[in-house]
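Both complexes below contain chain A, partnered by chain B and then by chain C.
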Partner chain A sequence: MKKIGIIAYGITPFTKDDQKIESSLLKSTKNLFENNPQINRGDIDAVLVSTNNNSKYLSPILSEMIDIQPKIAHSIESLCNSGTNSIVSAYSYIASGLADMVLISGAERYDSPGHILEWDNSRGEYKHPIFWASIFTKSYKRQFSISDVDLAVVPVKNHKQAKENPNAMSNKTYSIQDVLESKKLTEDIRLLDCSRPCTGSASVILASEEIARENNYESTWITGIGQKTTSAGFTKNISLSSMESTKLAGRAALKMANRTISDIDVAEIHDAFSVCEPIALESLGFSNLGNGINMVKDLYETNNFKINPRGGLIGSGHPLGATGIAQTIEITQQIQSKAGNRQVDDVNVGLVHNMSAAATSSTVLILEK
Partner chain B sequence: MKKIGIIAYGITPFTKDDQKIESSLLKSTKNLFENNPQINRGDIDAVLVSTNNNSKYLSPILSEMIDIQPKIAHSIESLCNSGTNSIVSAYSYIASGLADMVLISGAERYDSPGHILEWDNSRGEYKHPIFWASIFTKSYKRQFSISDVDLAVVPVKNHKQAKENPNAMSNKTYSIQDVLESKKLTEDIRLLDCSRPCTGSASVILASEEIARENNYESTWITGIGQKTTSAGFTKNISLSSMESTKLAGRAALKMANRTISDIDVAEIHDAFSVCEPIALESLGFSNLGNGINMVKDLYETNNFKINPRGGLIGSGHPLGATGIAQTIEITQQIQSKAGNRQVDDVNVGLVHNMSAAATSSTVLILEK
Partner chain C sequence: MNFETELALGNFYIPECGKCMKVVWPPSEFCNHCFGEVLLKKKIFEGKIIEFSRKDDEYFCLVEFEKEVRVMVKTPNIPKIGQIVKILRCGISNGNYFFHVI
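Let's look at the complex of A and B:
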């Protein structure tokens, strides 16, 4: 298969701003062009917009705002992993030869209609994501004898790391006690266990190896892609303390990249809620079942930013359509040694884990130098 | 590039039914499987949903309803040419090697939010599509000295052809006089000049040549793809009596297929309004500038179904996300000599023209035996 690289990126701060989706898309795209004046925007022959926003025709609109006339232009939606779905689609456009250079721009508003999956009646009246998170948490705690105090290390670590991310929503640090004393939303979920809806945008450009080499663009290569949808309904998950779609996507991505999990130097993990981080780490093979939370604790205690260096969804905020793209930017920056105070040592290979709707679908990407 | 074929299709009648979008998607997909019991649905590794509907996560939902667990699953939106955008995306997934067999299902409700592009302030308060159609009509009539009587042949022909399409919304024929006497919506547009919003769904499966040959699936090959977005705003069109995006997409598709327009035996043309059919025929090169309407007249008078055999959007109805897929099914049926009373003689090569938002973007596909 053709080699395809990330040759440019741009991002906005994640905030509670009341901003039009078109403005938000434009802001991260402008940031991308400002960071990369060498890129000839006329070479972009496809534009993909990643969002759950209800506005239509956003890709032609963004194209017109940045004065380009692409061949391919459409929006992509898959709830919380719309961003990585868009990156994979862009990859396929280039690998197939239908495009050479694709702009992927993701954005969301704090009041996104993607926060609640109305269709999933298996949740009864409890359609807010805190309810699936709550069941996952209860199940995980029970199965592996894990306490609320154990789990609280996830937001403590991720808020700490977010403090080093200038675009993160959070700039506060919290103690275990702060987490435990934050507002109780369900029996097992507190306010600080949650990633928060926000307004934000993130954009990347993907290009074929030929374009990247010809123009001497600094490139981070996408070497592995894995995706899996196991269902759309939360209660169809075969386990409530592991993530089947994540396991299958992770395996496929590593196989494609010809890597094992021990090759991964840094990873973005979809910590929509505290419990998601240890479960995903286990399902990806970073640790044994029930041991993910100890891995998080160790990383926190040794000040190791390996997992969710930008602060994860909990620390950065979660603007659905932008999240997978922001995760991909973080891993790109880590590989390019441009992550500032968040920089992990000796990064050659990174992993992005982005999922939707109680892990009923997952995308895993492997990125390399 | 890999050879990629259409190996199965299913469709619903186009109606005014008040039906959930999920049910609509399921209906054409069920029709597809009923028509093709030989297809092993477990081989489908990607599911793309084409719609302007605001419901989220429709691709995993459809996958769950038909009991499959694809790798790739997301929705695609680009207003009225969402359908062909989805087909092109599916093509790229297969050509890139990321998928082998893709289900593309498009659906729309009669009350779709895609009917009006709220963003386009170049239209002032006149955001309904009849206003761009009206300006196109005035401009086309003026430039080529064409009358309302001349243009009325488009709906007369397309309603006549729709009568032979069991899934079409229209089953009435109309005279030139009927068109001229139908309700006047603007100075230049009457009710019978318009395609009508409706509820409907259409699905196809694309597969790689390997899969198609191994399983002996009857296949119609996609040999040419052309796409272009020139703008998002109606008044940015460089001409109001030709379609630049259609011209460029048509040229690219024919070039990729190594064909000329004279090779095309049958075509689906995006006749959102009467004037669109002759303008698109001219922009695609089927006739000289200003002569498209004479071509339509000749076809009508000789009972030749070559252009819009299923009745076009005007006769069939226009369920946005399903339209491009329904067009593609018609050309597939024509190539497979399965179009019943609509069958055009000796069809080897067919063309699909699908566009959005006053022809600010267009997709052209070439299909072959």
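Let's look at the complex of A and C:
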């Protein structure tokens, strides 16, 4: 298998701005090329756009807006893990020899149609994500005797970490009490337990080792990829207090990278809601079942940014198509020691966890120096 | 008989493959195992509460019917895990299925 790396990245602030999706895509791509003037745009032979937006033909449009004529240009949609699905597709194009350098650009608007999976009628009249999240939260609390106070440490930690991320939507810190007193959306979910829809964009370029070395591009290597889709419908989840797709994707990614979970120095975890962070940590093997929340507490109390250094989805905001790419950029910055005040010490290996639709589909990436 | 036509009339049937007898849920025209035609043979009346939460004064629950079909339902009463509930009303409203149990 060819060695494939991330050679450049660009990102925009995540906001509530009302801007066209094409404009949003262009902004992170512009940021990427302004930060990497050494990259010859003409060398890009594939452009993949990650979004749930209903606008059409976005990849050829982006290509025209940056004045390139790639061989391959198309969009990729897979709800909340569109971003890492696009990275995996780019990897595959390079690994197969169909492309040597791929631009992946993800963007979303705050009013994305990707927040609701209309097809899933098994959710009845409860199609908004807060309902599956409430069921997961209730089940997790019941199974492991965990309280709302315990879970509140997730948004407290992630908003605190987001304060160090200049692109995050949140710029405020919150106490446990603030979380508990925030608007109650259901018996089990409060407003501050939720990641927020927003407008934002993130872009990366992947290249083969040959291209990266020839041009002396600083590269962060993708050494492991794991993906698993168990269903599309939320009600097909057998367990409501663990994530089967995450467990299987995590194992596959670590196996491909020839790593174990103890090798991971920093990780981006898909905390769409508070409960998702401890469940994902357990499903990935960072902690034993029911102990994920204790791990989050320890990290918070010791000011350790190992998990979700950029503030996670809860602190950064969640522009669906851009999220997986923004997570990957964060781990790349951590590995390159360019994460500023969020920098975790001695990072060699990082993990990205990105999932969709009540954990029915997960992608896990392993990145290394 | 079509699942959604019957559901719109307030009848909740188990969609089952006429060829291999597999329950096909969510409902589809063809079996997801053998692509046989999906038939509606048995009407659903009772299910078991798997999990629940509450929004305002309404409880919403994940209920399992016939050990295979799981749906999100509404109930006016305080639910209990494992409780057997009966379909009170079901149908389609604004394109969304709805199920009320008691």
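Here is the rule we go by: the second predicted complex is superposed on the first by the 369 of 369 C-alpha atoms of A that agree within 3 Å, B and C clash if a C-alpha of one lies under 4 Å from a C-alpha of the other, contacts with A are read in each partner's own complex, and residues count from 1 in each chain.
The working rule: a contact is a pair of C-beta atoms (placed from the backbone, for glycine too) under 8 Å apart; a residue touches a chain by one contact, two chains touch by 3 or more.
Note that the structure is a prediction, hence the values are computed from the model and not measured.
> In the superposed arrangement, does A:G233 touch chain B (first), chain C (second), both or neither?
After superposition on chain A, A:G233 lies in contact with both partners, chain B and chain C.
> Does chain B (first) or chain C (second) touch A:N54, or do both, or does neither?
first
> Which partner does A:Y217 contact after superposing on A: first (chain B), second (chain C), both, neither?
neither
> Which partner chains sit in contact with A:Y110 here, chain B, chain C, both or neither? Use first/second/both/neither.
Neither chain B nor chain C is touched by A:Y110.
> Between chain B and chain C, point out the one touching more chain A residues.
B
> Tell me the contact category for A:Y140 with respect to chain B and chain C: first, second, both or neither.
neither
> Give one of first, second, both or neither to describe whether A:F273 is in contact with chain B, with chain C, with both, or with none.
So A:F273 meets neither chain B nor chain C here.
> So in the superposed three-chain picture, is A:Y9 touching just chain B, just chain C, both, or none of them (first/second/both/neither)?
neither
> Based on the superposed arrangement, let me know which partner A:F286 touches: chain B (first), chain C (second), both, or neither?
neither
> Which chain A residues contact chain B in one complex and chain C in the other?
118-119, 233, 236
> Quick one: in the complex, what on chain B touches chain A?
It is residues 1, 22, 47, 52, 54-57, 59-61, 63-64, 69-79, 82, 85, 88-89, 91-98, 113-114, 117-119, 225-233, 236, 252, 356-357, 360-361 of chain B that touch chain A.
> Which of the residues in chain A come into contact with chain C in the complex?
118-127, 131, 134-135, 137-139, 142, 185-189, 233, 235-236, 240
> Under the touch definition given earlier, write down the residues of chain C that touch chain A in their complex.
25-27, 50-55, 60, 62, 70-74, 81, 93, 95-99
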